[in-house]
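Per-chain numbering from 1; labels A, B and C assigned in written order.
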Amino acid sequence: MQMTMIEALNQALALELERDGRVVVLGQDIGVNGGVFRVTEQLQKRFGERRVFDTPLSESGIIGSSVGMAVYGLRPVAEIQFAGFLFLSMSQLVTQAARMRFRSAGTFTCPLVVRAPFGGGVRTPELHSDSLEGVFMQTPGLKVVIPSTPYDAKGLLASAIADPDPVLFLEHIKLYRSFRQETPEEHYTLPLGKAQTVREGGDVSVFAYGAMVQVALAAAKQLPGISVEVIDLRTIWPLDEAAIIASVEKTGRAVIVHEAARAGGVGAEITAIINDHCLYSLLKPVERVTGYDTPYPSPEDEDNYVPSPARVVDAIKRTMEP
Amino acid sequence: MKEFKLPDLGEGMQEAEIRHWLIKPGDTLRLDQPMVEVETDKAVVEIPSPIAGRVSAIRVQEGTVAKLGEVLVIFDAPGETSTPARPAASTPSANTTAVPVSQASVQTTTHDIATRQRVLAAPAVRKRAFELSIELANVQSSHPTGRVTMDDLQRYVEHAQQKPAVSPSTPAPTELSSESANGARRAAPVASGKQGEEAEERQPLTGLRRRIAERMERSWRTIPHATAFDEIDGTALAALRQTLKSLAEQRGIRLTYMPLLVKLLLPALKEFPIFNASLDEERREIIYKRVYHIGIATDSPEGLLVPVLRNADQLTVTQIAEQLEHLIAGAQKRSLALSEVSGSTFTLNNVGSFGGSSGTPIINYPETAILAVGRLQEKAIVQDGKIVARTMLPLALSFDHRVIDGALAGRFLARFRALVEQPQQLLLDMI
Amino acid sequence: MSIQQVDPGMVAYQILDIDGNLVGKMPDLSAERLFALYRSMHLGRAFSNKIIALQRQGRATTFGSLVGQEATAVGLAAPMQAQDWLATTYREIASLLVRGIPPASLIYSFRGFTPPFPKESRCLPIQIVIGTQMLHAVGLGMAAKIAGEPAVAVGVCGDGATSEGDFNEALNFAGVFQAPVVLVIQNNGWAISVPRHRQSAAPTLAARGGGFGVPSVLVDGNDVLAVYDIMQQAIERARAGQGPTLVETLTYRIGSHTTADDATRYRDAAEVESWRAKDPVRRFQRFLMSRDLLTAAQDQQLIAEVEAEINAAVTEAEAMPPPAPDAFFDYTEANLSPRLQEQRADLLRYSKQNKPGRS
């Protein structure tokens, strides 16, 4: 069935609520209102307020109480209204959820999923578009997943909910409704920690995720003379290092595209991975096409900030120069 | 004006080959700034600048051999200025991303770091050049920054193949093969040298190869070699190693035969000190060494190297195993220090690792003996009139016949044999 | 009581006065049970003193003394049932002992290792990040309610923690969701060197419950019977579906904040002495003796037994082998990525060099 990402996520949640009595869904405005992006539409009606409920305006409260629920034995799927507000729950997410197993030497675990929308190009007010995945890459014990299509979103969310450890599931707002894709209606999972080659090529490896996958593909289309390989990372932490290495060993050129700021981001980590494992395959320096090291700008400025196909095209061309 | 001469880098070296200048005339150096790479007999050594000052002229070019005490480089005295030709400063590469530090900005920092005289090339290009034994400095660059590209390397190879024509029997620099890493899905160049024009090709001995040749010459010329061959029963040794191997693995250590052989060798060396000695030809004196530094002959991409296990008699088997790993890996990467490849008092050569059984080993001058061990192999031997299968270890002991007689060599081997055939006797002397 | 309250006029619930006289209604507890409470208090105190001694000998890491706070620690845990959950700070070791965590395990943890608590004890690992555990307790209560199970969660924090955002968010969630939880503020007067009255302008910390719609009680924290009684009522209220309770116990931290602190720098010796006079252990001892539930000889014997038990636990803990140096990789995640597996191997290689014995 043709689905938008919203519909795919909604279905994934409904299927999980149905097949696993331990799953509960909570957050601000997710009940009657169905979530500000309607991802949890109708779920409270179907499954009741006991399992799908609204919380006070309290990010730390949402995550902290979810930690308790997860330790008890439930499988909470908590929504933070926008990823930028995760900062308010940093302590509970980083020092508590991600460390419960560690602190208790494995006695207690925290199978929690935190969902949050993020991403630019949609004219949001401050902090609503911020990309935080770089920050959470340095949170051992926490996985970070960013789907780029409805099909992937559904399967990855199912895997995230099934994972015995906490997962931060970030959803790019621009992708929520931008296109429909054929998606099975039944339950299926896609593996975490595994990237996907969405376009095969031999000259240059372009690594992207979220909305940037489309940007990378658009750039590739503008370069018919160059054999561009595009890899959708899908899971940001842990990165699929084997896929990255295999691709760069094949092509000798790498371009990484992400909206998030440049410093210490996914691009920096991938560059380091390439350095560690396949430096001698490189023909040119690794290119990173990223947001600038400024706060995410206001709506009128964001088009200049977010990586565009033109910037990616130029980066690819630079790697192709002798 | 101040001259800097090639210093004594140790181990009695008399000369060194200039491998690579890291600075150029006109540069102003800091005290101790890395200045030049030279290669001695054993190792590649980096010489730091002896003063802070401006380089006036370089006297010995790369690839040339300088003698001990020869002037290598001249500095201006403070106050003097010379006007050396300054090559154009290299422009930053065409990489115009927002990456902070370009080459140009490095040059202008207050740290005053002089531009390195290093050839620019991407990692993939360097690797390929290394595999083909091509000096990047010799490759003509087509790029405005002087960077050597894969295409440049390709052209160099093709050109080299066309020059003295290739006769089928002489190995030529191989073409850039279809190996992955370099976008070489594009057609690999075809090696089509002009054939039949000349019957030979000349290749100068350089670097390590040159060193090895010189040392082999000296050893063979000076020392009257005699070799005693033997085959000893290594069944107990093989069994012991098998037992110890899994224990060592639990500690993350890979245990080969070599550490055990070293350990078993030491009692023999202690009982027959002439094998751990050296003949001073000038003074006609035998120098008996009181330390036991065992050289382990090792193959490296550039040729034979002999890293040294220092004070092997004070190391445990596991310590020897760990050190060997380090030394062998270092030999592969040519990253060993001078002290790690010199000073051996006896050398052990494992020819078994490349499938050989025995041969005439050449003594590692100026030692008095060398022991080659071959591959452990099950053989049919006769014991008490019956044919039995035993794991046999072939040996070849070359010795300096000026100071060691055949009978003594025989007794040494017999002692070694006794140790190897009953290795557990080491426990009797263990502290 | 002035150090703990801005409004000293508010009266804390009390059953035994400071001399051990019965001034309130005796809760329904058998002689054995009373004796057990007393023993637990001694065990907690002996444990606390022992760890401090070990720390001074280099055999234990930083530890926060609970001396003077035994009544609260024991009284809050004793009424709990096996199915109930406990989330505490680093100062409620006596509560953990009551819940069945083996003393040797706790001592082992203060040697600097991470010991697994027995899962059945339903005690979360001690929390160092102030106040966060209160939200966990609320979450545990919410989960019990969702699951339809009659378990209750008890969360314990100090007076300092009430200033943290998480404490307030926890109270708020507890109220909104009517979670079956008892949130205990163990007000010992000091947050390291910051006294209670600098932590909040509220007349009592218990009064803050009102702001969140959560019923609150103020208790004499050095009266083990009072604490027990109030906790039992609060726990049963929660279990009966009547929602959360905020309990503030008034007690005093006789020792320094931790072994890394020197309270003489900021506290008045006279104040400390005045609180020694209200010692919870002695108070209960007097009560028990006055009721012929305890003789002097029994008391001596109990103290000796407790001492022996602690010493045996120390011996046991020090004989426990350290975990493998790479064990903490297993605690990081259930499924280690290839990268983490490589890092683990790397650690093992170097760990042999660092501590040859621990391979």
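Brief remarks follow.
FYI, a contact is a pair of C-beta atoms (placed from the backbone, for glycine too) under 8 Å apart; a residue touches a chain by one contact, two chains touch by 3 or more.
The structure presented is a predicted model; accordingly, all values stated were derived computationally and were not measured.
The chain with its Cα centre farthest from the Cα centre of chain B is C. With centres taken as mean C-alpha coordinates, the chain found closest to the middle of all protein C-alpha atoms is A. Chain centres here are Cα means. That of chain A falls 40 Å from that of chain C.
The centroid of the Cα atoms in chain B and the matching centroid in chain C are 65 Å apart. Remark: chain A and chain B have CA centroids separated by 50 Å (rounded to whole angstrom). Residues 345, 348-349, 352, 359 of chain C touch chain B in their complex. Residues of chain B that touch chain C in their complex: 251-252. Interface residues of chain A, counted against chain B in their complex, comprise 202-203, 249-253, 262, 278-285, 287-288, 292, 315, 318, 321-322. The touching residues of chain C, when paired with chain A in their complex, are 85, 87, 114-119, 124-125, 129, 132, 134-144, 146-147, 151, 153, 165-166, 169-170, 172-173, 176-177, 323, 327-328, 330-335, 337-340. Listed in rising order, the residues of chain B touching chain A in the complex are 94-99, 122-127, 142-143, 149-151, 180-183, 185.
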